[in-house]
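Beneath this line is the structure, given in structure tokens, with notes to follow.
A, B and C are the chain letters, set down in written order, and residue numbers restart from 1 in every chain.
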Amino acid sequence: MLRDWRLRFVAPAILALAMVVFLPTGYLFWMSVTHWVVTDPDIYFAGIDNFSGLIDTHDFWNAWRVTLAYLTLSSALMLALSLGLALCLAEARSARVLRVLVVMPLVIPPVVAGFTWRFLLNSEMGFIGAFLLPSIGVRTSMLADPVGALFSVVIADVWSRTPFMFLIFLAALQGIPKDYYEAARVDGAGVVQEFHFITLPMLKGAIVMALLFRVIDAINTFELIYVMTKGGPGRATQTLSLFGWKVAFQGFDLGRSAALGVMMLAITLICAMIVFNRFLKVRE
Amino acid sequence: MTVAAVTKRNLIAMAVGLAMTAAASAQTEVNIVAFAPGFAWANLFGPSGTEKTEELLAFEKKEGITVNMEYADEETARQKVLLDLVNGTGRYDLVMLGSDGAVQTYSYAGYLEPLDGYLDQAKDYFDPSGVYPQFLDANRVNGKLWALPYYSFGAGVIYRKDIFDKYGITEFPKTTEELEKALQTVKEGFAKDGVTNISVLTMRGAPGEEPSLDLAGFVYAFAGFPAWFEGGAVTPEEIKANKAKPIFTGAFRDGFETFVRWSREFGPPGIATHTWVDMMNIYGQGKAVVLMPSAINGFAALGGTENKDVKEHTAFAASPVGPSGKPIQSFWTFSVGISKFSKDKEAAYKVLAFLTGKQSMEAFASQIGWPYNTFPEITHGPVLSAKWPKETLDTVEESYETADPHYFPYIPELNEFMDRIGTAASEAISGGATVDEVLANLQTWAEDRMTRAGYYK
Amino acid sequence: MTVAHAEHARPVRTVTRLSRPRSVRIARIVFLGATLVFTLFPLLWLAIGSFKTRYEALSLPPSIVFEPTFEAYAKIIAGGFLHSFGNSLTIALTNVTLALLIGTPAAFALTRMTSGARDNLSFWVLSIRMAPLFAIILPLYVLFRSVGLLDTRVAVAFAHLTLTLPLAVWMLMTYFRSLPIEIDQAAMIDGASPLQILWLIIVPMSRPMLASVAIVVFIFSWNEFLLAFILTSREAQTVPVAVAGLAGTMTFDWPLIAAISVCSMIPAFIFVGFAERHIVAGLALGAVK
């Protein structure tokens, strides 16, 4: 098996990744069990102190709650939107320009996307927040209301990253043989049935993969949220990534921040494994 | 060609080569990381922060030092600085700090070089006796000086005189009690006149450390001292000696509660997420009447506004005095320190002195034009006197004199405290929790934090 | 319900336009219209803002008719932003090339492996991305510092590769999995080596997916902020880092930020337009039965 062409093909990728992954990951694990606070000259082994300390704080659980809410909402919206778009624009004769245009929000740096939506939704001077919304009777300040802020962040995120999922689905759709649809039509199937019996099953792999990457992406979203709400009002939009950043760069507690990172990594791995085993293992 | 001749040739060539490299490395490099391109040292690095102006080139030539500047925004610069210092990389010789956390943390962590010993050098660039002592004080931790102030400000109020006049308030209130009444008057006046798109007050309530500088000022004015720890302890030594516990549910409450209440009653609907940017924009667009206590944001608004009323009717007043008899504080310096890992601290100090010295501050006054300056000479000098009425400049100067640069504790954990306090305020302002609830949480957190840091052993 | 036809050597890969009932067409148009407004409106607002003055850009009600100023764009040209554009472009293009070169064979090989090895390896590749960025910033910084690669484009390109390569591999795997193994077998019987199969058969058939991967990798790298910021100083600064630097402490030049964003859309627009053509080409070409 070692001289197998398959292993030779995979080797460069594994090598490239391993080089940059192993050492930092090891270092991360080391940091997570170390007491390392910038203002404290003592650096020593701390066992599970960092972990237990984190679990004890209110912030920790709040951040999980916020992250889950944000994740579910934005991923669901994104999935629906990107799938719909891909279905509408997958056909060769659709305007090319539309396909390129739809991708553009992804190109805007997340910092700018955050500011753009922040200025748009601002209840004092924003075009949407101070002009459009009040004119249809919505008086709450989107960004200063705990629930509104979460929605705002979700919308900005969906706007910014839907094109990513769209691209995945667009390519995946093109992999479905036309014959299937023809045969289905011959059998008298309608649009909904076509979608349900052909498109969806063929896209299953792509959907699961897109969602997996989406979840990983969402966990790492930082600048967008930070710039829009700074995690607020209060801690209403303080996701795990914001919390972790604060622990490291304002609390100067590098050990704890690493511990949080390790916890997040572990949970993501476990969830991914479950999803992987359930949906992605191809039964030969 | 004899062997000797060839060898001699080679030796000479080698010597020349060595001499050239020596000459080249005689040009020391000083690396700086800072924020605000086009604002900070625009006279040296241009509006984009990436050029080198004549002024800078002249300095470089004269001193034989190459100055490399790197700009980033404040938060991201903070990460870079931390990574550099924590790893002792020494990539940056000079680092930009704030007097509300960075100076304290990094000095206690041992990452900064104390400057007292350097003050006698480069006096022709920076003469410590020529600046307001308060600004130097703000950068003193435990009696030692750790950074030199570049751009700094004190407390004050920017407001619309025309609107105050309209509702019968001819003189700006001197106490917080009077100010609250005045704010109420304007609010009622607006309600009667059907004015809905102007807020009475604009302050900042975003989570994190944004509000804390101002909030701490309120606390100070109401309690009369930095009411964070028992007995008003402000240094780690004091706290340890007296085992001073936090008192966030104690004397801290009055100022905090007022800040939250004023924000809710008189501030714009989105105030719980407002930063200095919003303050500036809102005032500049004519959508607020009073901006305080970081009046600097009002001056920034003036710089970019195109609203006639704002331009013509903006006035500056001293920060009102609280029940304790002390004014609401807001004091901050944008300062620069030397990294302990710098490879040539003397050269770094020279650059530092140049960057914070009279020449730079004069350029600052000409280019930015705000009435805040670290040199009394420049504050009353021709450039600023031409722009601002004497009364304004005098009131500004007075705000330095009535300031207590140490109006919050100077402890290494300051950054985190500022972040927590601001977030608590934001939560209370947005109505997510009551003042007492957030203060109780703050108290619990603070006690735990200080215990963990070993203060009460 | 008819299923995959094994007798087709190369299945058709187009989704042609089938006639649809009116209700579906209307639903499509409404959905598309709403989505386009949602997508394009902020971009438009951004672009317009870049031509206004700092005061105008944020005033309400917004002036639709106004006197445009090119202040912001002048600043871009005068300032050193072109340097960061060059860096971003180099890094992004390097990533695309490497991701495709390394990722395509890997993905292909993975789909042709036995399930045990394939599942383990592909899961490991996916897991690379799971460590939260804020936590690995410091370790990565230490790693690159120890090999002396801080503030180089190589470092950033490499760091990006660890994020884009898994993505490329997975996207391609999903696609390659749908290509029947009979194709390989038929070619091998004809005496083709795996490399030839990959290069001469699989790749041409996969143009749409390759183009999509290229787009995704390019944009991701172009856009990435945190790693690029941590690993660079002046030399290798990228566009998002330059933009973030402008969201200053004492100044806030919104038109300038907007102008840079608009400018950064241009290379991406060109690249996507170019790559997108391959998606369509793949459709039109179809495949010979």
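In this text, a contact is a pair of C-beta atoms (placed from the backbone, for glycine too) under 8 Å apart; a residue touches a chain by one contact, two chains touch by 3 or more.
All figures in this text were calculated on a predicted structure; none of them were measured in a lab.
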item	value
Leader among chain pairs (count of C-beta contacts)	A-C
Distance-maximising chain from chain B - centres being C-alpha averages	C
Chain closest to the middle [Cα centroid of all protein chains]	A
Separation of mean Cα positions, chain C and chain A [Å, integer]	15
Chain A and chain B: spacing of chain centres that average the CA atoms, whole Å	35
Distance from the mean Cα position of chain C to that of chain B, given in whole angstrom	40
Sites on chain B at which at least two other chains make contact	79, 86, 281, 285
Chain A: positions in contact with at least two other chains	125, 254
Set of chain C residues in contact with two or more other chains	58-60, 138, 142, 244, 247
Residue ranges of chain A in contact with chain C within the complex	5-10, 12-14, 16-17, 20-21, 23-25, 27-28, 31, 81, 84-85, 88-93, 96, 98-113, 115-117, 119-120, 125-127, 130-131, 159, 162-164, 167-168, 170-181, 183-185, 187, 190-191, 197, 202, 205-206, 209, 212-213, 216, 219-220, 222-223, 227, 240-241, 244-245, 248, 254, 257-258, 260-262, 264-265, 268-269, 272-273, 276, 281-282, 284
Contact footprint of chain B on chain C as seen in their complex	53-56, 58-60, 75, 78-81, 83, 137-138, 141-142, 145, 150, 229-230, 233-234, 241, 244-253
Complex interface listing, chain C residues touching chain A	1-2, 4-5, 11-18, 20-21, 24, 28, 31-32, 35-36, 38-40, 42-43, 45-46, 58-62, 98, 102-103, 105-106, 108-110, 112-113, 115, 119, 121, 123, 125-136, 138-140, 142-143, 158-159, 161-162, 165-167, 169-171, 174-175, 177-178, 193-195, 198, 208-209, 211-213, 215-216, 219-220, 222-223, 225-226, 239-240, 243-244, 247, 254, 257-258, 261, 264-265, 268-269, 272-273, 276-277, 279-280, 282-284
Residues on chain A engaged by chain B in the complex (per definition of touch)	37-41, 53, 57-58, 122-125, 129, 139-141, 143-146, 149, 226, 229-236, 238, 246, 249-252, 254
Touch list for chain B against partner chain C, complex	31, 35-40, 46-51, 68, 70-74, 76, 79-80, 83, 86-87, 89, 91, 151, 277, 280-281, 284-285, 300, 304-307, 334
